[in-house]
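Here the chain labels run A, B, C and D in written order, and each chain numbers its own residues starting at 1.
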Amino acid sequence: MNQRDDVNKRKADHIQICLNDDVNGIGITTGFEQFSFIHQALPDLDFTEINVETFFLEKKVATPFLISSMTGGTEKAMTINQNLAIAAEEKGWSFGVGSGRAAVEDPERAYTFRIRKYAPSIPIIANVGAVQLNYGFGVDECKKIVDLVEADALVLHLNSLQELIQPEGNTNFRGLFQKIEELCKSFHLPIGVKEVGWGINSELAGRLFDVGISFIDVAGAGGTNWSQVEKLRSTDPLKRAVADAISGLGIPTSECLLDIKQNEGTGTLIASGGLGNGVEAAKAIALGADLAGFGRSILAEAVTSEKALIERFTQTEFELKAAMFSIGAASINELKNTSYIKRVRY
Amino acid sequence: MNQRDDVNKRKADHIQICLNDDVNGIGITTGFEQFSFIHQALPDLDFTEINVETFFLEKKVATPFLISSMTGGTEKAMTINQNLAIAAEEKGWSFGVGSGRAAVEDPERAYTFRIRKYAPSIPIIANVGAVQLNYGFGVDECKKIVDLVEADALVLHLNSLQELIQPEGNTNFRGLFQKIEELCKSFHLPIGVKEVGWGINSELAGRLFDVGISFIDVAGAGGTNWSQVEKLRSTDPLKRAVADAISGLGIPTSECLLDIKQNEGTGTLIASGGLGNGVEAAKAIALGADLAGFGRSILAEAVTSEKALIERFTQTEFELKAAMFSIGAASINELKNTSYIKRVRY
Amino acid sequence: MNQRDDVNKRKADHIQICLNDDVNGIGITTGFEQFSFIHQALPDLDFTEINVETFFLEKKVATPFLISSMTGGTEKAMTINQNLAIAAEEKGWSFGVGSGRAAVEDPERAYTFRIRKYAPSIPIIANVGAVQLNYGFGVDECKKIVDLVEADALVLHLNSLQELIQPEGNTNFRGLFQKIEELCKSFHLPIGVKEVGWGINSELAGRLFDVGISFIDVAGAGGTNWSQVEKLRSTDPLKRAVADAISGLGIPTSECLLDIKQNEGTGTLIASGGLGNGVEAAKAIALGADLAGFGRSILAEAVTSEKALIERFTQTEFELKAAMFSIGAASINELKNTSYIKRVRY
Amino acid sequence: MNQRDDVNKRKADHIQICLNDDVNGIGITTGFEQFSFIHQALPDLDFTEINVETFFLEKKVATPFLISSMTGGTEKAMTINQNLAIAAEEKGWSFGVGSGRAAVEDPERAYTFRIRKYAPSIPIIANVGAVQLNYGFGVDECKKIVDLVEADALVLHLNSLQELIQPEGNTNFRGLFQKIEELCKSFHLPIGVKEVGWGINSELAGRLFDVGISFIDVAGAGGTNWSQVEKLRSTDPLKRAVADAISGLGIPTSECLLDIKQNEGTGTLIASGGLGNGVEAAKAIALGADLAGFGRSILAEAVTSEKALIERFTQTEFELKAAMFSIGAASINELKNTSYIKRVRY
């Protein structure tokens, strides 16, 4: 197989595995089940007035939901991205596309990222692995990626433990912080940083905001576990053997939020990692997030059709509003500042 | 189907579903299992002297038990109400009838609420959804309802999340607090407020007592979950899909009591929501309630016969007294003020 | 059936049910599983030197173990008592016989209590329900009982919740404390007080020690649940129905000890209720008990033969010594004063 | 059977039982599952630079891993020891051999300990039961053992509860502390002390370091339970019966570390007892250990071949480094001093 086929295969594998296999971490959850809303039996509210609009990347969006960066590069990814784009535009979700590295390395793949036409108004975020800054990527490559996507921002993903198990993994993270800082200073668009399922804690979030990162997506533990995904792709007996031992690593998504909330943020905070429904999204926002991101849990619909996705998005929004109705919050701002949530388990 | 048939169908569905299906919340309990009585091995007490009389709505009642508002309006409801009334009179339970809205809207249904003849001495409480005050109901309609029932009081139920999933739901709760306050001031009978399974917390209870509400029934989470019930009735795929995500919302019944107890009440406090036996009722009273209400857990007997109900009521009273014997409490007042209860789990 | 047959039947039922049925409380344990010894890897100790002798009722005994009051009155009880007496004498256990009430009421049964000849040296404790002091029993009857058994002491059992479910139950406990006090003052032998599986807390223990009771056996919850036993005997549907609801009542045995330990005792403290082996007995002593009592868990051996009992007693003693070896305690006194135990769960 | 056959049989039994049977303690774990690393999403680190070298017994070793003392004396033990030695030398593990007592008592067995030729550079530790100092062993016998093994140190094992259940057990531990102190003063090589699965707490560790012991291996509870192993070998019904009751004794491995860490050590601390992979080893080091020891969990590979062992050792090292990569620790020293670990459960 040449390199292009390799990458195609990897992308296809990721989707197949995420759709069909058990790729949860072992002995670890998001922690949202430990929090309960304090129901307000007499909300001073007409349910139909509940407004979940918010702002992201200087655009007004109908919902505080984000499609977590997932795919691109292959024919199937094109279909998925198109479905996602149409549904996101229709329902007012922000949209993170998958890593654009393949498209830079092989321009024939570029078309799979040209989804702005399907989603003219919503924030779209281009994506690339931060570690690529240590493997030949710089401002120019990043610019190619955002241009291709006609993106509003670029998000760099941190995925050390995925690279570790991934057959083709790049594991030199030394000096990356400085490179991120420089990119941030010279780039023409806002830059965000996300994990892919092991979480970001307050110390790192603080340092990143300090050097000009405009949003952090914690992408914490409790959802898709990428060392498990890569294990299922690997033929290396060592890496396969290792994956289970490390499958409990990572910071639960709710822990990331609690930790970061204490050091009141200077930028936008996105909660993702293991979110499955709108009530969990509501908890994430009540614990400090500005937006809530969904990855693997919407993949089945994304593969199916834009219609399936639109139904799912409608459901998620309804669930969020139901939780808001329960505590009498009329807007995302009220939800974010509610005192009607508390820890009930440890 | 015309509107009358609709309502008939809804009432019948509620009863069938509550009798046959699993309609508990998911991942939530009343919390009473977290509390234990501190047994007093040498009670200075003759069991036969234990007296569970109390006062409710200025009437002396033989027990501190309340039949939670359930039904009315259909032929089957009539049978249930008659059984309940006879057993309540016989065993000294207070009796909350189901919502009288249907009877006001369709006078042919009124007869199903005429149960005062079967229960001349006990407190009877008429019932209507508070949200109806936003949908055309006022003092006159409320008066019709209490007159029909020859009630000692009217209780307004708060059921925001039920209305949300209910096919015919009314979800405008805006401004209701003021309307409740006004009704309270102009009405000739005492007014109470209850939830239907999501609980009332101390803040709201305090505000309601302050404007003249004379009793609060917390109707907390851990028992019947009305979004689950409505899910089973619904044909709307969106609402069906949403119900599970929201099935963990609500404040556990014991939490409501603990919360309210701290702000020593100015009115009567009723504990309900998931009560299954007299020992749980005893815990509820020891945690601050004046009365303990039973809904779905007595429905099977209510459908069967007055005899089955009387046996069940006798059993519940015996269980309450057994718990009182265990801690040496001779009266409801002693039970309410006992220090022989403590939290043993979290 | 005449009254004698009744009592015979009751005694036989108790034994059969305790041997064959599940009569544990529901949702309640002794709590000993929440405590761990802090192992001392280098005990300054020869295992063979570990000495578990102690004093009870002014007699030196080879072990701190007590056979909890169980039976008497029937032919089968006679066999059990004889086995227990022989094994107790052989292995140095103290021996509580079952209630002597039947023997007083029907002298033909008296022979089943004449076991002193099989156990000349050990402490033997006669037993009667405290509540009988409200039903015709006084100093004379108590004297008859202890004489018959040639006992070193009399223990009064408190069993309010058993009497409640027991078909022939006596449930007037009013004024009993004063009667116990008087008996204590006028009686020629030491008087103890025990529960039968619901526990005694520090407040009551303190009051009893203050009026001259010389030992308390907490007989706490987590072992045999006597309302469950009586449920299985009962034909009264009400009592049968009630038993499950009350089956979680009672204070766990370890909780009784912790509670009483704080108010440093003025008399002997016996831990019983759900003890199954010598390690649990060691924990009980480390938590403050002077002796550890075994009821139902030795019943199978008691019914089988003195040989089976002697083996079981030898095993229990070995287990106790193993726990002592683990923490380097050479004597019961050292075990009682050890700091090498701690709570590890809640 | 003569004595030699006896010992042969015991050694063979231990291996067979440890390979085939469930010999875990009951109701007790190492506690490592209660601790989580705080993931650092942006480690300033190239994975390939992570260095896990450390020093032990004045030798530089490639890993902080130790093969826990296991076997010797039989033909099969010879194979195991040879495999272990070759793999240890190859992968830079330190190597504790099994008890040398048999070799001293029967010189024909000595050859099974002559494994220095397969492992010329790594630390090798000879082993004997501390209790043998009370049964005829002194400086001379210890010298014979270390000479035979060409060891860098001698470790004395404390195994009171194993001796108790072991058919041929020696249970006089009196005065051992002084004898250990004397041996320590007069011996030409460093002396360590280990348990075999019940743990060592800070008080004893401190006393041992104070008299010159140079390393402590806590060998805590949560892994192999030696009273269970001995139970399966025993034909004595008493000892078999007792084993289950005592199978929850011992201090969990993580508890030993936490306890000892507070009294900052004066010597080398080894964590063992129930370790199964490199992530647990990483936790052990982050909680204060210098080295991490593996016993039964590597036995299957040890019996199979040096190749299987080398693969397993490679895997364990990779797992350790993965955990270090997760928290950005580049060296064992950084891991030991990390603040990125916290208790998440109790």
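Following the convention adopted for this analysis, a contact is a pair of C-beta atoms (placed from the backbone, for glycine too) under 8 Å apart; a residue touches a chain by one contact, two chains touch by 3 or more.
Everything numeric here is computed off the predicted structure, so don't read it as measured data.
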For chain A and chain B, chains touching each: none
Chain of greatest Cα-centre distance to chain C: A
Would the interface of chain B with chain C count as same or different, where same needs over half of all numbers used to appear in both copies? different
Between chain C and chain B, distance of the C-alpha-averaged centres to the nearest whole Å: 44
What is the distance, in whole Å, between the centres of chain B and chain D, each centre taken as the mean of its C-alpha atoms? 62
On chain B, where are the residues touching two or more other chains? 346
Hey, how would you classify the chain contact layout here, line, ring, star, complete or other? ring
Of all residues in chain A, which touch chain B in the complex? 33, 36-49, 276-280, 311, 314-315, 318-319, 322-323, 325-326, 345-346
Please output the residues of chain A touching chain D within their complex, sorted ascending. 27-28, 130, 158, 160-161, 163-164, 171-177, 180, 193, 195, 198-201, 204, 221, 237-238, 241-242, 245-246, 248-251, 346
